[in-house]
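The structure under discussion is supplied below as C-alpha cells; questions concerning it will follow.
A, B, C and D label the chains in the order they appear, each numbered from 1.
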C-alpha cells in the first residue's frame, strides 16, 4: 500500500472538517467536494483543494460516485467517506479498488457482511458474540415454539418475518398467552404483508443502547476503545452520547469489550468499526448490528482514550499496523457529546434552517466543538440538520455534566432555533443524572412540556429591552430617508453590499 | 434633552399589557418605568442581534431580533415574543382585532420547498387534512387545513427541484374558506 | 469561613472570563467590574452582575480599591483578583479583611513576604530552597570576595546594589579579571546611582526559566502540580509556555517540585502560587521569586493534571481543605500555550489595537482557548495587548506541537495584526522542536527576519483576488448613487445601523 | 454578457507590474489572465473580509481589506499589499510619482494617544530625534523625525487623558522641513 499524501473526503459539514483536521496535523493534503448549494459551506474553505460535483443549483446530491472517484484518481488522493453517503457502501468501495483509489475504511466484504442485519448476527454468533435469543426461522409448530420460548425466558416478542412498523408484533408475557398471541400476530401479518410467517425473539426490558468502538488492521491486530452509552434517542436518532457508559458494570464492560475485539479479530476486520449492543436491566448484552464506519459520536471515545481514530484509519489504509496495543488503551475520565441540530425543540423539533446572524462557539477548558457552521453561514435546506457536536470531559461523569452545562450556556446562535435548550433540560433531568436511563428515556422520563415552560416567568427584562429597541428604531426611521432594498436578496447579501459600499467610500 | 416615550408592551403567552414609560437620559442610559416600577438601564448593541443590557446591576446578554413592532427576545435561554406599541398603534390594533373567522390564509411556518400538492383549488377539505407537503432539511412536513371548507386559492406550485418551489417563513401557501 | 456564593473578579479580559467559567460551573454567581472604555468587553456580559467603577470615559483605570471592595461588601461577594492589578497587593488584601470581604488568594503576610525579591530569597533559603549562590551584601574586601567567588565557581556576575538597567554590572569569567571588573562596576555604580556598592552572584549559563505550580490550604496541606517551562520570552515577557518542561530531567523535576511543595508547607502558604526557578545547563536549579497569584500560563498545568486551579483557590478561601493529595497528582500528556497579542510581529511587534472584523477561534480536539475578544469587538488602547491564550495538548510533546500548528492555522482574526505568525515560526524552529532552549532563544536561535519573508513568493493569488475585488467594487460604484456616511462613526456602528434599517423595513 | 477589464497590479516588496486581463463569465465565475497565463477562478464573499476563492481547484480562504485601489491580502498567513489600477489611474500615477524631498509629513503609524510632545514648532530636529511620544496599549512609542530640519507644524496636542489626544492610523502629527 502506498503512503497517503492526499485525502478526499466524500462528505460535507462537520465530519469533513474533522477528517481534514487530522490530515492537516499529519501534513496530508486535503480535497473537498461540494454541491452548488454548499459552495459557501466551511469544509470547502478548509481544504487545500475543492471540486464541485453538481452541474447546477437544482442538483443537491452528493451521491456522485463516478465523479468523486474520478477526481480522487486524477489527484492521487485516497477517499475517506465520513459517515452517511458512501460510508458502508460496498459497491463504492469496490469501484475505488477497481480504479486503484485507496479507500480509508473496511473491505467491501466486511461492509457487505454487516450490511445485512440477519447476516451480521449470524456471523457474530459464529464469532462468539451473544445475540438476542430467539428462532430466526418462522414458527411452524406452536408446541415446539413454546418449548423454545421457555428456554429463552419470558417476556418474548413475536415479529412478522416480512413485517415492519409494529404490525404483526405481539409481546407475550407468559406461556398461557402464547398461542392466542401467535394467532393474532400471524393473521395481522397475513393481512398486512400477504404472508403470515412470524418468528420469536427475547424481549429486553428497559433496553440500553451501548456500543463498543473497535479498530483493526490488515495484520490481524484488533483492539477495542471501550464503550459508549447512546440510549438518549429521539425518534431513533441519538442526541446525547457518553463514554464510558454510566450504566454497565465493570464486569459487563470487560466482557463486552473483549467479545467485540475478539470477534473482529476472528473475522479479520480492519479500520474503525462499532458493535452495537442492546443491554438489559440485568446487564446481559446482545449484539444488534455492526457499523463499518466512523461514527458521529466517536469524539467521546477519543476524549477518554486519547486515540485519534481518523489517524489510525489512515495508517491502517496505508497497510501499517495499529499504533496501539490493547494494553496501551485505558479510560481516562468521562466525556459527553451533545448533537446540536437546527431544530426548534419548543415547536416539536421542526426544522429551522436559515442564516446564522450570530455564531459563537464555546471556549475555555474541557471543550471539544466539531462544527460545520460559521457566523454568516446560511444553513441549506437539503442536508442533515446537525450543525455541530459539542463535547465536554472531566475526571468524573458529574464533572463532565457540570462542564457541559457551562459550555452550552456559552454557545451563542442567532437566526435559527437549535436543540440546545433540549440538551440543557436533559442535563438537569434526575434520571439522566442518575446515569441509569434506557432507550425509553425521552418517552418515559422526560417532560417535553418542560421545554415550553419558561424558567423566568417575569417578563420585565424582555419588555424593557424591546421597548428601548423600539425607541431606537423610531429615532433612526425619523432621522433618515431610506430606500427599500431589493426584496429578492437575503439579508446577508444586503449586508455584504453595504459593507462594500462603506469600504469603497472609506 | 431627554427623549421620553410611553409604550404598551404585550408578551405572547403572558396575560396583560405592560405600560412602559421610557426616558433616555444619555447615550445608552435609560430610566424605564414598567407598570409603575423604575429601572436603571444601560443598553449597548454588541453585534447584529446581541445586546449587552445592565438593569440595576444585573447583566444580561440579550439576543433580540425585530420584525416591525414585534421583538423576538431570548434572555438566559428563555424565548419571549414581545409586541411594543405606542398609543396610536395600540388604538388601531384594538379597532381591527375583532376576530375574523371564515377565510383562512395558510402561511409557511418554516423555510423549505413544496414537494407535493395534494388538493386542487375547489376541493373540499376537512380541518387537519393535508393540503401539501413542505420539505425542509430532509424531513417532510404536512401542511394541513386549519378548518373544514373549500380550498379557494393556491399560491405555490410543487416541484421535486428545490430551487423551483422554495418558500420562506410567512409566505402565503393557500386560502381555505 | 462562610461558603462563597458570589465572586467579584477585580479584573478584565480573558482572566475575568476564565474565573467566571469555574464559578458558573460551580453554581456561584458572578460580578464583573468595568471602566467606561470596557463597557463592551466580553467579561461584562459573561457575569451575572456588572458595575462600572469609573466616573467618565477619561478614566481608564481599574485601580479603584475602595469602590471595588465596597461593591463586593454590598453584594456579599468574595473577590478574586486575577493576575496584575490587585493580585499580589498586600494592602488590598488587608482592606478586604478589614471590610469582611473574602479575598480568594494568599494571606497579606505571604503576599508581602514574596513581594520583596531579597526577602523572598531569604525566606526560601531558610525553607530549604536553593537560591543563586552569592553574597547578598556589598563587597567590602576584594580578597574576601575572591574567596567567595572561588567557592561559588566562575563565571560570576557583579551587580550594583542600587542598580538597574544593566549599569554597574560586570560578568567575570576568571579570577584574574575579578579586581579590575569590580573597580569598574563600582565606579559605574557610583556615577549612575550615587552609590558604589556592588554584590556578587553566580552567573547561570544558558539559563532556563522553569516554574513550579503549588497549592496550599489553611490546614497545613501543600502540594505541587508539577512544572512549566517558560523560557520562550520576548523582552522578558513570556510568549510560549509548556508543561511539563521538556528540558529538565525526571530527577531534577522530582527534586524541584518536592522542594517547592515542602517550602510552602513550611511557611504555611495557602491558595495558588508559583515558584520561579532558574535552571542551568547542568540541571542545577535556583529559586528566583515566588508569584503569589494565579499565573497567566496556569492552563497548561490544568491540562496535564486535570486540576481546576481556580476551583481549588475558591475552596481554600472558604477554609476547606484541598481536594487533592500529592499522590492524586500525575502528569498526563503534554500541553503548550501561545499568548496571542494584538501586535504586528512583522513590524517589530508594534501594538495593533482596533476593530475585530472577523474573529473565529479554533475548534476541534485538544484545544483550549481562553479569549477576551469577539467578532465586532474594538480592542481598547488602554490595556494589556494579550487578547487570548490558546492551548494545545496531546499525549506527547511532538503531538501537542502538531496540534498547536493545526489550531493556530484555524484562528481567523481580521482588522488587527496578531502575534500568531510569530508563534507559528517558533513552532517550526529546530531549537524549539529539540526541547532544549533557554531564555536566550529569541535573541540567539530565532531569526526575526524569517517573519518578514513570505513563504510563498508567487504573487499570483493575491493579484487575482485583488483584481476581482476591484472589478466588483467598480461595478457597485457605477450602479448606485450613494451618500457618504458620517466620518466620525466606526465601521461597526455603521454596520449596526444598516442592519437596523433592513430590519425596520424587512 | 461577459464583463472584461484590464488592470495593472503591483505588490509591495515584489518587483514588476502584473498585467491582469479579467473576464467575468457568470456570477462568481471568472477567467483571469495574469501575465499571459489563464486561471479559472470561483470567487465568493463569506463575510466582511473573508473570501472563499477556488483557483483551478486550489481552495483559498483569503482575508482581504480594501482601501481605495490598495488591497491588504492575507493568503495562508502571508501578507501582501496589492495595488490594482486601470489604464487611466496608472498613467496618472506615473505622472505624479516624481519623488518629493524636502517637506516631510509625519503620520501616525498606529492608533493611540499623544502622551508627551518633546519639541516646539520652530525647533531644529535631527533625523531620528524623537518629537513626541505616542502611547498605545500601555507601551510608549517615540515618534521620530525622518530627517534633519525644522519642526514646521504640529497637528496634535499632548494629554495624559487618552480621550483628549487620541489619534488614528494615518492622522497627521507634524511637518518637518
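Quick notes on this one:
To be clear about the criterion, a residue touches a chain if its C-beta (ideal position, glycine included) is under 8 Å from a C-beta of that chain, and two chains touch if they have at least 3 such contacts.
A quick note: this is a predicted structure, and the numbers were derived from the prediction, not measured.
Interface repeat of A-D: among B-C, A-B or C-D, the matching pair is B-C, sharing over half of the residue-numbered contact pairs.
Chain pairs B-C and C-D differ in how many C-beta pairs are in contact, and the one with more is C-D. As a whole-number value, the distance joining the C-alpha centres of chain B and chain C reads 48 Å.
One finds 40 Å separating the Cα centroids of chain A and chain C. Taking each chain's centre as the mean of its C-alpha atoms, chain A lies 33 Å from chain B. Listed for chain D are residues 47-48, 50, 60-61, 65-66, each touching two or more other chains. Residue positions 374-375, 409, 473, 499-500, 503-504, 506 of chain C are each in touch with at least two other chains. Only residues 32, 39-40, 44-52, 374-376, 496, 499, 503-504, 506 of chain A touch chain D when the two sit together in their complex. The touching residues of chain D, counted against chain C in their complex, run 3, 5, 7, 9, 11, 14, 18, 20, 22, 24, 30, 32, 34, 39, 41, 43, 47-51, 53, 55, 60-66, 69, 71, 73, 75-80, 82, 84, 109-113, 135-139, 141, 161-164, 166.
Chain C makes touch with chain A in their complex at residues 17-18, 21, 24-26, 299, 302-303, 306, 308, 332-333, 360-361, 363-371, 374-375, 394-395, 402-403, 405-406, 409, 472-473, 476-477, 480, 482, 484-485, 491, 494-495, 497-506. Those residues of chain A whose C-beta lies close enough to touch chain B in the complex are 57-58, 60, 342, 346, 350-354, 357-358, 381-385, 409, 412, 414-415, 420-421, 424, 454-457, 459-471, 473-475.
The touching residues of chain B, when paired with chain C in their complex, are 28, 42, 44-48, 52, 54, 57-61, 65-67.
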